[in-house]
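Chains here go by letter, A, B, C and D, matching the order in which they are written, and residues are numbered from 1 within each.
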Amino acid sequence: MSKSRAEAFSDGVFAVAATLLVFSIPVPDVHASLGPALVAQWPSYAAYVISFMTILVIWLNHHATIDAIRSLDRPLLLLNGLVLMTVAVIPFPTGLVARYLEVGHDQALAAFAYGLTMSGMALAFTLMNSYAKARHLFTTPFSLLGFSTGMLAYPLGTVIALFNYQLALAVYAATAVFYMVLPLLRERRMRQSR
Amino acid sequence: MSKSRAEAFSDGVFAVAATLLVFSIPVPDVHASLGPALVAQWPSYAAYVISFMTILVIWLNHHATIDAIRSLDRPLLLLNGLVLMTVAVIPFPTGLVARYLEVGHDQALAAFAYGLTMSGMALAFTLMNSYAKARHLFTTPFSLLGFSTGMLAYPLGTVIALFNYQLALAVYAATAVFYMVLPLLRERRMRQSR
Amino acid sequence: MSKSRAEAFSDGVFAVAATLLVFSIPVPDVHASLGPALVAQWPSYAAYVISFMTILVIWLNHHATIDAIRSLDRPLLLLNGLVLMTVAVIPFPTGLVARYLEVGHDQALAAFAYGLTMSGMALAFTLMNSYAKARHLFTTPFSLLGFSTGMLAYPLGTVIALFNYQLALAVYAATAVFYMVLPLLRERRMRQSR
Amino acid sequence: MSKSRAEAFSDGVFAVAATLLVFSIPVPDVHASLGPALVAQWPSYAAYVISFMTILVIWLNHHATIDAIRSLDRPLLLLNGLVLMTVAVIPFPTGLVARYLEVGHDQALAAFAYGLTMSGMALAFTLMNSYAKARHLFTTPFSLLGFSTGMLAYPLGTVIALFNYQLALAVYAATAVFYMVLPLLRERRMRQSR
């Protein structure tokens, strides 16, 4: 399969999933006063920002992976499909966190479900990268180190969620920020070493 | 019509339909306890996974068809539109199965409607392939054998649904898995025969 | 602006609007029996099919227009945006027709709103084509004749809707079918005349 | 990163966000009469048109920016992601304005939230452009003047919203129209000066 059409489909799923996140921010019930209602649903805004940043980072990393790969064989396409299946479901746990943090019960379970989804996504991504590495499909030396972070951070956050959901959400947000900052640090180091 | 723009539109419909499947997984009513509610809606997760795999497989097969075709004439574009019309509606029977398996009545009818949609999709796909074959639009010898499986499996599952909805859903899931595994087996055989 | 990115954005809007039509087919209320409910909402299926065919035809015609145009200047991009604005709103009148035909009141008004939307779309499309023609942006002789059909049929259907909504819906469906068949007839005549 | 895939993802988000705006126009409650209900929800249509025009204009300006840029480095991709995050959220304030103008209370707050979102978008866009300018990533002399308008108009509209929400909405609509007309005026002047 040509890389371009696999990219087009993947980019489509990433773009739609990211844009559907807006549905986790509901228009408040018109029978109440808008001001307090908008303030009360702050978890929706936080969940939107964290999930959008996360999908953005997955997309950037996905792009880096596909770019470094020679060609996509069938198993890789299926593993890519598995990644997309876990990405497309992100609006669901985002809605869970947004809604249950607002109403103020079962926050731990909502944060746990969020972490479970992200752990599944990190696992699917690791499977895709590991397969490509094992089959020597990478054209450039490709470090799986960066990807291991998600593979550690998300399950860790998932377990933490059961005891302290705020800390778990901070771990999820920090993981997205880490993936944003990591390449900047790498580039700076490369520029300095030259 | 250039193949590229027909592909772009088709890929868009596939990607959006796959991503909209997430709406078959509702955020549970906040007046109940989240844990039991998340467990009770397991059919949503199953329906999401089966339908996502199915759309992924249709997309892969669609790609293989378009790749093997010289150019798209008007009738083929319309038949392609028919395929897309049956793909874009998949979130509806997915929601039916998810919801009626959870509430525990009319499961057979929901599974029947699911199978009917998939049979319609398989029929549209077969029409598109048969037309392209009849008009000699395929550049490479193109076996319709693989596609016949869906043309048999989905109507069969649809009939089974009326008697045993669990078995019908297993048939739908197995059909998606079959289409994932088939090319892997083919590739292995081709590699061995070389 | 490069044609390719204007096409990508337009194709995106077409694909998303077509796929969002599925939301005009609701999962029936689980407190009732599914069989009668699925039968009762037949207007949803009809509305889905008519609107999907219509968007498909607009996309095909849009493609033909963009293909025949040398380049897109600013006014053309804005007129294209106007076309897209009327296409993206189609799920709304589709939902109106689906819902009000099912409940059995205000069908005429729903069909009127549907026709008004389509008339707006036909007008926007005619403006885009007329501007391109006036500015000599077409590279090939481009007949506006085919496009005039919609410019006549939709306002006609809109007026008919006030007296006979079934006939109006038949006009909308027939217009989509006409645009599907017209190029086939043209191609046949061209093949015969050669 | 290749510009083409960043464009594909961005175009996807723009197209989906624009098309999701249709959900701010609800199918009226079937228990009431359709005619008055359709008239009463005129703010939905107005909000749809203003937001669609705005997203169209952001997309056109985004395109102009990316076209003028040599290549996208990591920080620029992240700033681009920030722009997309503010674009993808536009359906939310659009729904707020549509709903609260219809019910007739908290209109000022809804218009304030709308302006705040647009100010955030203008800020993100300005950051992206300023970064590209500072890093000399523009291949052609690129005036930030046009973009400053949004940076002034949206915060101004946001403040006005607290005193006169109709005027604020007029400012938002006028800003979109300004960005549509500005390049037309520029082109005319360039054509006259030649």
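Keep in mind that, in the parts below, a residue touches a chain if its C-beta (ideal position, glycine included) is under 8 Å from a C-beta of that chain, and two chains touch if they have at least 3 such contacts.
Here the structure is a predicted model, which is why all the values come from computation and not from measurement.
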**Study point:** Fraction-based call for subunit C against subunit B, same above half, different below
**Key:** different
Revision key, fill the gap. Relative to subunit A, the most remote chain by C-alpha centroid is chain C
**Study point:** Inter-copy rotation, subunit A to subunit B, in degrees (Cα atoms; steps of 5)
**Key:** 90
Exercise for review: Could you grab the centroid distance between subunit A and subunit D? Build each centroid from C-alpha atoms only and quote it in angstrom.
Suggested key: 26
Revision key, fill the gap. For the pair subunit A and subunit C, the C-alpha centroid-to-centroid distance in angstrom is 36
Review point. Got the subunit D residues that touch at least 2 other chains?
Key: 8, 11-12, 15-16, 20
Point to revise | subunit C-facing residues of subunit D, complex | key: 7-8, 11-12, 14-16, 18-22, 25, 27, 30, 33-35, 38, 48-49, 52-53, 56, 59-60, 63, 67, 180, 183-184, 187
Check your understanding: For subunit A, which residues count as touching subunit B in their complex?
Key -> 1-2, 5, 8-9, 11-13, 15-17, 20, 73-75, 77-78, 81, 84-85, 88-89, 91-92, 95-96, 99-100, 103, 105-106, 109-110, 113
